[in-house]
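Below are structures written as structure tokens.
One chain, chain A, links the two complexes that follow: it is found with chain B in the first and with chain C in the second.
For the complex of A and B:
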């Protein structure tokens, strides 16, 4: 016999509302006017009648903005001038007055209902912003108190390919709480070491129940997990995209860096906008700007994207990545080569958001296939020899 | 498997005939793995012409590509276009941004194109897993539901009222299509510009405030626009001097869009690409319609209809017959 904590579907909303008394809750919410589904604050959902929670589909954007807002103020400062000593300007910091949008409040947060691939996105972020000795204060003050509650994917969408990049639809490795949807129940399958979990379960215990699962009950859950995996496996086999060998894709990319014709062909359709970057759960790049009005100013950071001409434009006017293919080459290398070298993981979770959002059909799966083919075409003559 | 239609047969034959002498590269449409879409394809030899398709999902305006490509290719660039798309090419030629001699416009008659985003919105936003045309209807499947929709309700906005579907204003080669746009169908969506023009200023502001709250400043609208050849010299991203803040919020999104709109006044051919590619579903074409309406009133000019014309804002006249100086002050 096996005891598991369960949430009945009709109790999700009351549970979250109870938790919202001590946590800020983010969940996937669909706007009925635009049809767009994105992570939103539970309070926004409560206030608006054209929004509804939806845990089945992928959100349009990744949940990264919860801990990495698109714009955040780093510091505010003021200039002080003395009319008697005009040659001296003093700068002093102002008390940080918080950020613009309401989404970036610090404090305890729960992101409820994100996909397992999205949790791997947070891993990618943690590896960059929480690297030992280089901890980013602004990121960590939002991230450290964030609890990730993910629901495994029983629906596989045509652009999903997490198995190819080493994930799987029920990969709860980086979730604080991992849930399996059995139809009318969400069953807690995983609890991490995170100290907040006991508190969450205690706060919400009125809406939780412990159930005994006998062998057949456990088999139902196993079947859901295995069924979903095998459906995706089949899709990926049809698409010719089996699990990528991380070391070998790193080597292929490394050795084909100067193969410009290949990169020109791969990036031909790309118009170098930032849509794919801004929906990506792993893209971490940002820009920093100072803006001054009269004698007061602020330093902020905002998202930036590497396919953008200005990303590498140097002060001299020279741009080492002036052409789209150079920028796109960097994007792919960043995800499958550079970060793998440094952190031993691919900076792609297989969520497929970039495939869905791209208006000219740039398909990262197709690009991976093409890159892997490069190696094969090289190998063939060798094996013939 | 895709079955070759009559118009595709003609298109592929024409395309094969262009190689190797007439064009070095031909941009056309090919099938996509994603439901309800087609992808741009770059044909470089005769043998590849079989990749070309032309169906109701060919909504992209491919005239954005020649300007991107012109430094890569010495010879002529061919583009497969719908009669509405060719307006962008004509406008670029009239502004001397493209060399007429190096562009081959292969225009295909059009039966109207389907706006898959509009379908998605209509069915409540669910992810579309398959989409296919069958006769006058479209078969749509999402993860858990199937729909059969009337095609006439889901054309791209620009198709409603289109009068040039079989008579392009400009072309090098015109391929007739037996599938014609049926009796100028009515748009079931109310015209947003109409509504906004009748609204109070505060309401208009509130409307755009809400729409732009979703803007992520990805610049997809800018980069997909055939007319915006200045995308790598953009005032919105310039650092020295910094004209516009890099912050990502509703105000900055709106501000950028207004700059964009003003510099497309009298140039925009209303192909609708900016709105199609917007990940936030902001109805951007409404701005363009508004400025073009003013341009028509002031200068009696419609962008993209005449590759020989001199665009009114690129020239100077001592007296403009529709602008009364005394009314300006």
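For the complex of A and C:
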């Protein structure tokens, strides 16, 4: 009755290799030379001695680049000169396919071993790029065939705060397959009932096994899940960061929008470098530009960041968000107010990457705390500490 | 045929509202179960258009008449007054301009471009017969049906007359549905007036009352002198059953709105069109937001009542 499909740890690699025959596999990989962990293609792992899979630690960057590369070509163009009318040039356009150039395989992808918070990042992206009537072809071509296989977090890191933004370390709501690590096994706790998942399980069935779980077996799993949650709960309580009430933070941000002193204080340290945006699993903003050489060129899009001065600079010289506090205020409002209004979710998954990466020690948890305190104290900013 | 119809598909508000009611699992299921979506239209891909004619309006403004190279698409191209288009000069970039030819006019699409930055300079350097890219129509439009049966007060400053132009033409063509039409058109100097042929026609027209003003008095000018807002205040238009439609540079909008408020115009009877730096034009790249609203998909036309609910300042 309580049968669950399991993967023995030693079978993970053979399973992925089997799947890589028909899928492109991305997994978190540790580089032993630099110590950096990031998502990489399984093939990259095969070719290098320094690299090894690491499903425990958090990757430096979010996996968003799998479906939303930091730079991608939208189209190519070529000017053609008509020798009879040399002053007039003709143009030909070539639409670039959304799938990564150079991959011979099918577009099917599996991201194996991402954290549950990162799947919520994909949800944030889907909500933007898949709006009905305004679908983004480049994104969807990569995203529609991507399967998210997440492993719940048994380890809680000091910068994790998913519980306070409404997530939890074992939130498999947006995973296609959700796994729990019981030590020697990965147990499938959630799988979407659709053809794509069935196909994956069929392809890899040689390395999967069905196990009966009796009550004590299930309790072990439950203990892992609950233990992890309560550990994070405790950490957050110590840090004074409760679960955010989405509606109330929206209201607080709204009513304190023109409280410029608060925002100046909050953004004081920020140097507008944009590192937080680049590692963020929910930050979706991009820029579009043209590159041209002689008569040929391409239009590309690349990640952009809202704390960038040039982000809103208009040709006239007018900049609606010319000051850093205005831009940082927009960033925080975007995550905890605007997108909650538009899509009913917070654009923060609590992964803590921005805290880890910031060169001047900005801490989004500290900012959330300050914002929440505004409501309680209603005092001048200097006393908000 | 199919392509042309799709091209028109207005990227309006209704669609985004529908989306918001969807649950997460709906979205997720759709992502995994609807392979036919892969054949969707690419909204970031421009169509090629030819520059039919360039009209020099003022020392730094030109009007550009574009014709889509795909004749079918051109014949089936529909837009509403107030909608915008993204013009690409390939190799330089893309920028947003309002379509200012009358909506019933099917021969070409007209855009007016003031020389300001890199892309607008490249557009100024185009010659007739050259190729550009176009993504249009984008954004929402003036709710001209809602305005039926009312007096309309247009207030345009400088190049801000361009978004009003298709609406004025639409209303003049359907004059029986609207009451008095008044246009206050302000420019810095007489040389800064665009659409001189239109002005001549409007001056003679019985259907439209035209008030023109320049900032400082100058030789040979026999019309109003003074800033847009000041002239508006002198004229004291009645707010009675009147919709005001305002467009212009931020500073002019700011003072005009103050005067309209003094004159007791209700916020839901005042419409403005806004501009922001835009890239994608389809509500994804993020930069054109004013609070939670995106100018490219929720705008560029807003009623003042809508904007008052937004915490961020819109000017």
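Please note the rule applied: the second predicted complex is superposed on the first by the 362 of 385 C-alpha atoms of A that agree within 3 Å, B and C clash if a C-alpha of one lies under 4 Å from a C-alpha of the other, contacts with A are read in each partner's own complex, and residues count from 1 in each chain.
The rule is simple: contacts are C-beta pairs under 8 Å (C-beta built on N, C-alpha and C of every residue); 3 or more make two chains touch, one makes a residue touch a chain.
Because the structure is a prediction, the values reported are computed rather than measured.
In the overlay built on the shared chain, the residue A:287 is in contact with chain B and with chain C. Once chain A of one complex is fitted onto chain A of the other, the partner contacts of A:71 are limited to chain B, with no touch recorded for chain C. In the superposition on chain A, A:271 makes contact with chain B only, not with chain C.
In the superposition on chain A, A:359 makes contact with chain B only, not with chain C. When the two structures are aligned on the shared chain, A:334 is found in touch with chain C, with no touch to chain B. Contact comparison for chain A: of chain B and chain C, C touches the greater number of residues. Judged by the touch definition given at the top, the superposed model places A:3 against neither chain B nor chain C. When the shared chain is aligned, chain B comes close enough to touch A:309, but chain C does not.
Residues 287, 289, 304, 313, 315 of chain A lie at the contact with chain B in one complex and at the contact with chain C in the other.
Remark: chain C residues 9, 11, 15-16, 18-20, 22, 24, 27-35, 37-38, 40-46, 48, 88, 90-95, 116-120, 127, 129-131, 133, 250, 275-277, 279-280, 282-287, 289-292, 297, 311-313 touch chain A in the complex. Interface residues of chain A, counted against chain B in their complex, comprise 30-32, 34-37, 56-58, 60-61, 70-71, 100-101, 155, 157-159, 239, 264, 268-269, 271-275, 277-279, 287, 289, 291, 300, 302-305, 308-310, 313, 315, 322, 324, 355-357, 359-361, 363, 366. Considering their complex, residues 32-35, 37-40, 42, 60, 64, 68, 72, 120-121, 124-127, 129, 143, 214, 216-220, 222-224, 231-232, 234, 237-240, 242, 245-249, 273, 276-277, 279-281 of chain B touch chain A. On the side of chain A, the complex with chain C involves touching residues 74-75, 77, 79, 85, 87-91, 93, 95, 123, 126-138, 140-141, 143-144, 173-174, 176, 192, 194-196, 253-254, 257-258, 284-290, 292, 297, 299, 301, 304, 306, 311-316, 318, 320, 330, 333-334, 337-339, 341-344.
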